[in-house]
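Each chain gets a letter, A, B, C, D, E, F, G and H, in the order it is written, and its residues are counted from 1.
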Amino acid sequence: MRALLDGVKSGRVAEDEAVAALSELPFQDLGFAKVDHHRALRKGFPEVVFGQGKTPEQIAGLAVALLEKSDRLLVTRASAGAFKAVLARASDAKYDPVARTIVVNRRPVRPVPGVVVVCAGTSDLPVACEAAVTAEIMGCSVERVADAGVAGLHRLLSGMPVIERAKVVVAVAGMEGALPSVLGGLVKVPVIAVPTSIGYGASFGGLAALLAMLNSCAPGVGVVNIDNGFGAGYLAAMIVKGA
Amino acid sequence: MRALLDGVKSGRVAEDEAVAALSELPFQDLGFAKVDHHRALRKGFPEVVFGQGKTPEQIAGLAVALLEKSDRLLVTRASAGAFKAVLARASDAKYDPVARTIVVNRRPVRPVPGVVVVCAGTSDLPVACEAAVTAEIMGCSVERVADAGVAGLHRLLSGMPVIERAKVVVAVAGMEGALPSVLGGLVKVPVIAVPTSIGYGASFGGLAALLAMLNSCAPGVGVVNIDNGFGAGYLAAMIVKGA
Amino acid sequence: MRALLDGVKSGRVAEDEAVAALSELPFQDLGFAKVDHHRALRKGFPEVVFGQGKTPEQIAGLAVALLEKSDRLLVTRASAGAFKAVLARASDAKYDPVARTIVVNRRPVRPVPGVVVVCAGTSDLPVACEAAVTAEIMGCSVERVADAGVAGLHRLLSGMPVIERAKVVVAVAGMEGALPSVLGGLVKVPVIAVPTSIGYGASFGGLAALLAMLNSCAPGVGVVNIDNGFGAGYLAAMIVKGA
Amino acid sequence: MRALLDGVKSGRVAEDEAVAALSELPFQDLGFAKVDHHRALRKGFPEVVFGQGKTPEQIAGLAVALLEKSDRLLVTRASAGAFKAVLARASDAKYDPVARTIVVNRRPVRPVPGVVVVCAGTSDLPVACEAAVTAEIMGCSVERVADAGVAGLHRLLSGMPVIERAKVVVAVAGMEGALPSVLGGLVKVPVIAVPTSIGYGASFGGLAALLAMLNSCAPGVGVVNIDNGFGAGYLAAMIVKGA
Amino acid sequence: MRALLDGVKSGRVAEDEAVAALSELPFQDLGFAKVDHHRALRKGFPEVVFGQGKTPEQIAGLAVALLEKSDRLLVTRASAGAFKAVLARASDAKYDPVARTIVVNRRPVRPVPGVVVVCAGTSDLPVACEAAVTAEIMGCSVERVADAGVAGLHRLLSGMPVIERAKVVVAVAGMEGALPSVLGGLVKVPVIAVPTSIGYGASFGGLAALLAMLNSCAPGVGVVNIDNGFGAGYLAAMIVKGA
Amino acid sequence: MRALLDGVKSGRVAEDEAVAALSELPFQDLGFAKVDHHRALRKGFPEVVFGQGKTPEQIAGLAVALLEKSDRLLVTRASAGAFKAVLARASDAKYDPVARTIVVNRRPVRPVPGVVVVCAGTSDLPVACEAAVTAEIMGCSVERVADAGVAGLHRLLSGMPVIERAKVVVAVAGMEGALPSVLGGLVKVPVIAVPTSIGYGASFGGLAALLAMLNSCAPGVGVVNIDNGFGAGYLAAMIVKGA
Amino acid sequence: MRALLDGVKSGRVAEDEAVAALSELPFQDLGFAKVDHHRALRKGFPEVVFGQGKTPEQIAGLAVALLEKSDRLLVTRASAGAFKAVLARASDAKYDPVARTIVVNRRPVRPVPGVVVVCAGTSDLPVACEAAVTAEIMGCSVERVADAGVAGLHRLLSGMPVIERAKVVVAVAGMEGALPSVLGGLVKVPVIAVPTSIGYGASFGGLAALLAMLNSCAPGVGVVNIDNGFGAGYLAAMIVKGA
Amino acid sequence: MRALLDGVKSGRVAEDEAVAALSELPFQDLGFAKVDHHRALRKGFPEVVFGQGKTPEQIAGLAVALLEKSDRLLVTRASAGAFKAVLARASDAKYDPVARTIVVNRRPVRPVPGVVVVCAGTSDLPVACEAAVTAEIMGCSVERVADAGVAGLHRLLSGMPVIERAKVVVAVAGMEGALPSVLGGLVKVPVIAVPTSIGYGASFGGLAALLAMLNSCAPGVGVVNIDNGFGAGYLAAMIVKGA
């Protein structure tokens, strides 16, 4: 912020000119997105590409532009086709077909431990994996506990040795969304709750799980948007790295 | 049903006359409610009085009318004032201030065991007690497990010896409404889920708990209306008595 | 539950090791689902496969894994293609194209009578049939009454001789969802209400029927999720078998 | 309409002047309501006063103003206090405490028969009576069938001799709102469905009943707003008088 | 109804047998729908086929079955393919591509006048035409006023000469659904309001228009379900024929 | 904005110190509100006090603080008691009991004409008057047209001579909220639509009117929050003064 | 309006005849839309074609009909195919693939400056461009600021030199819809807020952004329907041209 | 968890007996709440009392019971009357009338810095203060920035020197709920978003702010329930103490 204010102070004339030039252009001449190379400075992580609704070509173009300035890249909700397009231009890109993520990491660091991602049902895996991959690219090591729905309590309890090692737990669940409440009562660390759109009928696209998580009777639970594995992994990484 | 059809067959003329006479009267001359002495024949239990929104005098009047034909009575959502009015006319009436019920039982029977009512939080007790009292007046013995919210799993597990004796479990919870899902995974008997309006904010008057229960990932769960302890106790009694 | 606690007591070391090994694997290496061979012990019925959103190959794989340990199998929301894939590996599988179910039953038992499934309109048949098939594979014999919507009361009444034999009634209806209320007033046994998504406009995907059923003025009604024929059949079987 | 257009044609100058004068006045100088003596010409019935939210004095003032030009008056949602205030200035006013209506009828006409108001539960009576009183003051005779909820089908059937005389049926119900669907299947005449706010929990203030009625599987059903007994009675009177 | 009760009285034995036989059959053996030849007796019009979601073959099969007993037929929401299939078996069938209706009328009667269908926008035409065709096959002559949205008041006013001939007005509108309110203030006859799903964004599939129509400040308005042109035409025909 | 950036540039040190001091204080030591004397510079109008939920003493305190720096004041949703408290400290304050506003204007300017506020029903007057008073204190003259609901089209048309003088129309309506659509089709100037919470049942606290206005088929309509007369008057004044 | 009334006065006979002839025609004979050549007189701009849901042929037909009477045309939500069809018949048509608009402007005028369109994210560009193109065809020059989401405040601030030139700001944003609130605090001119359907999960198709904008804590904000770029551009042009 | 399992292992017999005894008691004999002295072991903080809906006597009783085992206590949503009752039995209790909290802290520890609570409007102060008090009793020092709504960006920016010291930011806002999005773009630490019910009309009791926060375009934001200051403070303390 101070950098921003300083920039305004020292460089106003140039800025005005740039802004004026910029604003004369119609939107559609800007290309499909402004790539923001400065975000890493502010938020500790370079621009992430939300792949849904973008063509493979658009995604590959954005990826190349970002990799010119950064040694890490994350594309979420990416199809296999998008991966193919990126791979043609960045041969070290990696694809996770469950998480639907494309990752490039040219600056491996010693990962910070403490993120555990717990997943209620197998249908919730794509969202859980997106959370895990996000935390990993941000520099964390992630442990995972799958198929730990509350209706099979013994499976959840069998995961406790792993869960107890967590500094932050990401709890991913659809349907009735009860997992964060049960976990919140078992651990002493923050729980990030991710409702998923898994379900039908009165699940209303994840609304039931979302409301359940917001009303959790266990304290220490923060909630992100439906299916927002990226947001949960990002927040989890912030917490363990700030710790 | 056959009794109904037979009645129509054999007694039509009289019925027509009665109906004609009846329908000439404006609604407001009918008094505040038609008392239906025949319901016990059809449903196995006499008319129940829903006390909310009725004056103590109305409740007492209905109670007296019902007790002329039946040896049992249940008033739900009854205030202490309503109880006082009923007691003046039926000295054996009993009041449960938590359940807010008035009960008269002049034909004690040997109770059928197997109903267990489990309650997530202390604020859910009025609804849970209404369920328990309802099942009791219908001829069941009821065991109760209180304060067994899913965020305090050890308390719920400590109630398992009782819960395992159930032929049907009534699970009462507000807020995130996760209790029926956890119970549904632990028992082999039907679970009747009762959402309560306990909560605030995004609980939306019990909607969050209701949706969670409808989306339970555990099979064997049936849901009743928000705060409908009576309906849950009634259904539970039907199940264990039919067993 | 006691078995679970005993297991924890006696086998902790091994469990820790297994859990540790397990949790090192990323989710996507687990295959598409953990198959839970112990569920039958807890809930009286082996794992059921929810076919929607799974490929025929995934369904066939899960089916084979389950049939190694169990002599019964139920796949719901299964396409004809999924059936073909299962049939290639389990030649005694049977498909019901209306219910969209795949069933294998290698241990025929003498069925328990008492489940009656009543269906309001012909469009509700898939859900009604799913309920019936589910109760049958769980060991019940099921009677069926079709096209008994409340706007054609004579048809509903003509079904009464069958309905009166029920120990539990499953009432399936879309649109205004009035069937459970009318049935609840005619029978003395539990009614399991299943709203369906049949309708348009202000039906809001079954919400209208769901709300109507939750607000039924007849006691003794428990409600399951929209289109959840499986859940209704499962609960009905629990009730008649527990009886 | 032609009268309106004619008025515009022949009297524009005067109108312009009146409008100009009128629009100079701030709203609050207009008094609490413009009384519209011309509405009877357009709609066949003089202005009706919606009593809710108005003081007894305001209601009495409006009543007097209306009665100067008309020989009929209807005040809906009127308290006993409002009636007292009106009675002091119109000694022939009549109050119906269930319908909460004040009526003055100084031009009794031979009533047109054919309106039947059917009411599901005793709690729905105020709305049903408002409908009946409205149709009566508009010149109809009204027959009434009370306590005819669908969960007590025999009571509804016992009302059929009256209902069969209807040219239009007004069906009033809260909770699950199933009455219009059942009636719609039994009669050959229009059914006006009135949802009421009677219920609790997932009734959501009458929304459940409203949605059920809009989704009625019986044709020939038109729906009015929740608790809008006046609107239903008005529409019913229009239909039988137009017949 | 009396016919029904008589039937039950005189023919019970046969009925029991038929019912017993019927209920032994699984649902899926019943064919895709029970055709109800008796509905015309009760409701004055033979069974209508709701074409949406049915295959051309199913529609043609139902059409043939109905035409064996009736000289009129209406299929709504029918595709051109469905029409082709029906035409092959009923050469006098007629198709209206805007209304998406198939009609057979082998008993032309002198039509009853008085139904006027008013349509707000050109996108609402399919629903408006379905209403008009429905009223016509039920024996009414229908006048139509198109493109009479309230934002173009002069066009609505130019339609007044036609609208003033109405005994009942069907008002069809999407988006803000204001047409019935404006019409209700201009005419002295019942207005049947039909919200359509035309709109986007905060129209929420017709919810905005539906709510507006239910809250109409003009009395004499009854509302049907979103896009339910059939229901509106049916109700309009009932009203003018009963008149 | 430039003033802001300049301020940051030239005065940073002092600001830092002030901020540091400020942030040491707990919230509750700040008094009940920070009064912002600079808002007039940015938005052309001094701070407005939203009176609802504030005590008369709080309102009077805020009023005095504001009047030390400004010669105008507006308090909305003010009770008579609040006015009394303000009057004791500002003897030139004026109260409008319908608009529920307190106004002090010590710098009368020649008002800018062109705002017309049109109101559908008498119950909508408080919101309409709040809009008018707001535009007046911001320096506009306002013309008013009351009781111009769309169901009484002749009254709306009789207001056209006034409405045609508008440079911006504020249209206030509850219930079905159709007024902005009709007005939008009659005038060539912007229409600011204000839904009110007037209505009952399916009005859902103004939601019906809000949705109708957002879906207006007439272009040139902008919508503000339910009952937000202040916002509409403020926006209208901005438009005519910017013109 | 006076023109309308005059028209009614002087030309009634002819009008009646025309109306009578018109109303005899069934809807479907009217063609797919009445083209209204008089709208430009009333609203200052000729009929706009809403392209969504119309075939290229329908669009081209409407375009030709409009261009016979007008020298400007705007088609919104137009596909490339629709453009091709229009181009074949109007060789000076222009297509904007981001805005999805077809424009013909045969009467270039000196544009009125003062409209600034600000866009939160690149996914919101189609709606923002539709707003810009609409204001341009109505005779305004438009400046644009892209990718100015509130989470990247420095980018928004860098656009301030342009934004400060605005007489009206159109603020387009999806997701949390915060842009209009931030802008409303920075500028002294009206802000037209356009929520977009960009987002997922709890965005509910733009509902989140819509509610946020309606609840803006900044005064001077008017809201249009979700994705309604056309409406916002139209209203903005009205404001600056009326100024 | 291990402690729990160990407890089950070693002490089962006694537990069974206790449970059996316990479960025989009806709910209402348990007193108004079970006090859980073990929660501090599991979650790092003793039981908190949610004061809303409890009588002063109940709150004082719970407070005494808790203070027998713990040296800290927090009561939220406490009235002045509740404080008086607690003070009579714990003379070192302190009350914060804005936060509505009662606090006893008999074990002052050196507070952990890093929590900053930012509040959008003065009406949001009670929720913000509840968050701050909660974090303080859990052992944190808290800095506060008040009245930092996004429509007054300069005030928010003036708070940046404090905000930049945060390890976690709690952002409290009602109405459009934009504060967390703006903050999320300015800081590199986790943001806990708390929607409040402040607002009216389309705020729908805080729903607008809740949805906005869930849809925040800034990553690193976790959301708690509407008005849940306690939950936000609890989660913030967990994060900084775990750091």
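By our rule, contacts are C-beta pairs under 8 Å (C-beta built on N, C-alpha and C of every residue); 3 or more make two chains touch, one makes a residue touch a chain.
Keep in mind the model is a prediction, meaning the values are calculated, not measured.
The fewest steps needed to get from chain C to chain G, moving only between touching chains, is 2. Distance from chain B peaks, on a Cα-centroid basis, for G. Over half of the residue-numbered contact pairs at D-E are shared with one candidate from A-B, C-D or B-C, namely B-C.
Of all chains, the one whose Cα centroid sits at the greatest distance from that of chain A is D. Here chain C and chain D face each other with the same set of residues for the most part; over half of the interface numbers are shared between them. Across the two interfaces under comparison, E-G and B-C, the one joined by more C-beta contacts turns out to be B-C. Distance between chain centres (mean CA atoms), chain B to chain F: 50 Å. Annotation: 42 Å between the Cα-based centres of chain C and chain H. The centroid of the Cα atoms in chain A and the matching centroid in chain H are 27 Å apart. Taking each chain's centre as the mean of its C-alpha atoms, chain G lies 47 Å from chain H.
Counting only residues that touch two or more partner chains, chain B has 8, 152-153, 157, 185-186, 201-203, 207, 210, 214-215, 225-226.
Those residues of chain A that touch chain B in the complex are listed here as 120-121, 149-153, 175-178, 181-182, 184-186, 199, 201-204, 207-209, 211-218. Only residues 4, 7-8, 15-16, 18-20, 23-28, 30, 32-34, 36, 38-39, 52-53, 195, 197, 205-207, 210, 225-228 of chain B touch chain D when the two sit together in their complex. Touching chain D in their complex are the following residues of chain F: 96-99, 117, 119, 122-123, 125, 128-129, 132, 143-147, 152-155, 157-162, 200-203. Considering their complex, residues 1-2, 5, 42-44, 48, 157, 160, 164, 167-168, 185-186, 188-190, 192, 210, 214-215, 219-226, 230-231, 234-235, 238-239, 242-243 of chain D touch chain E.
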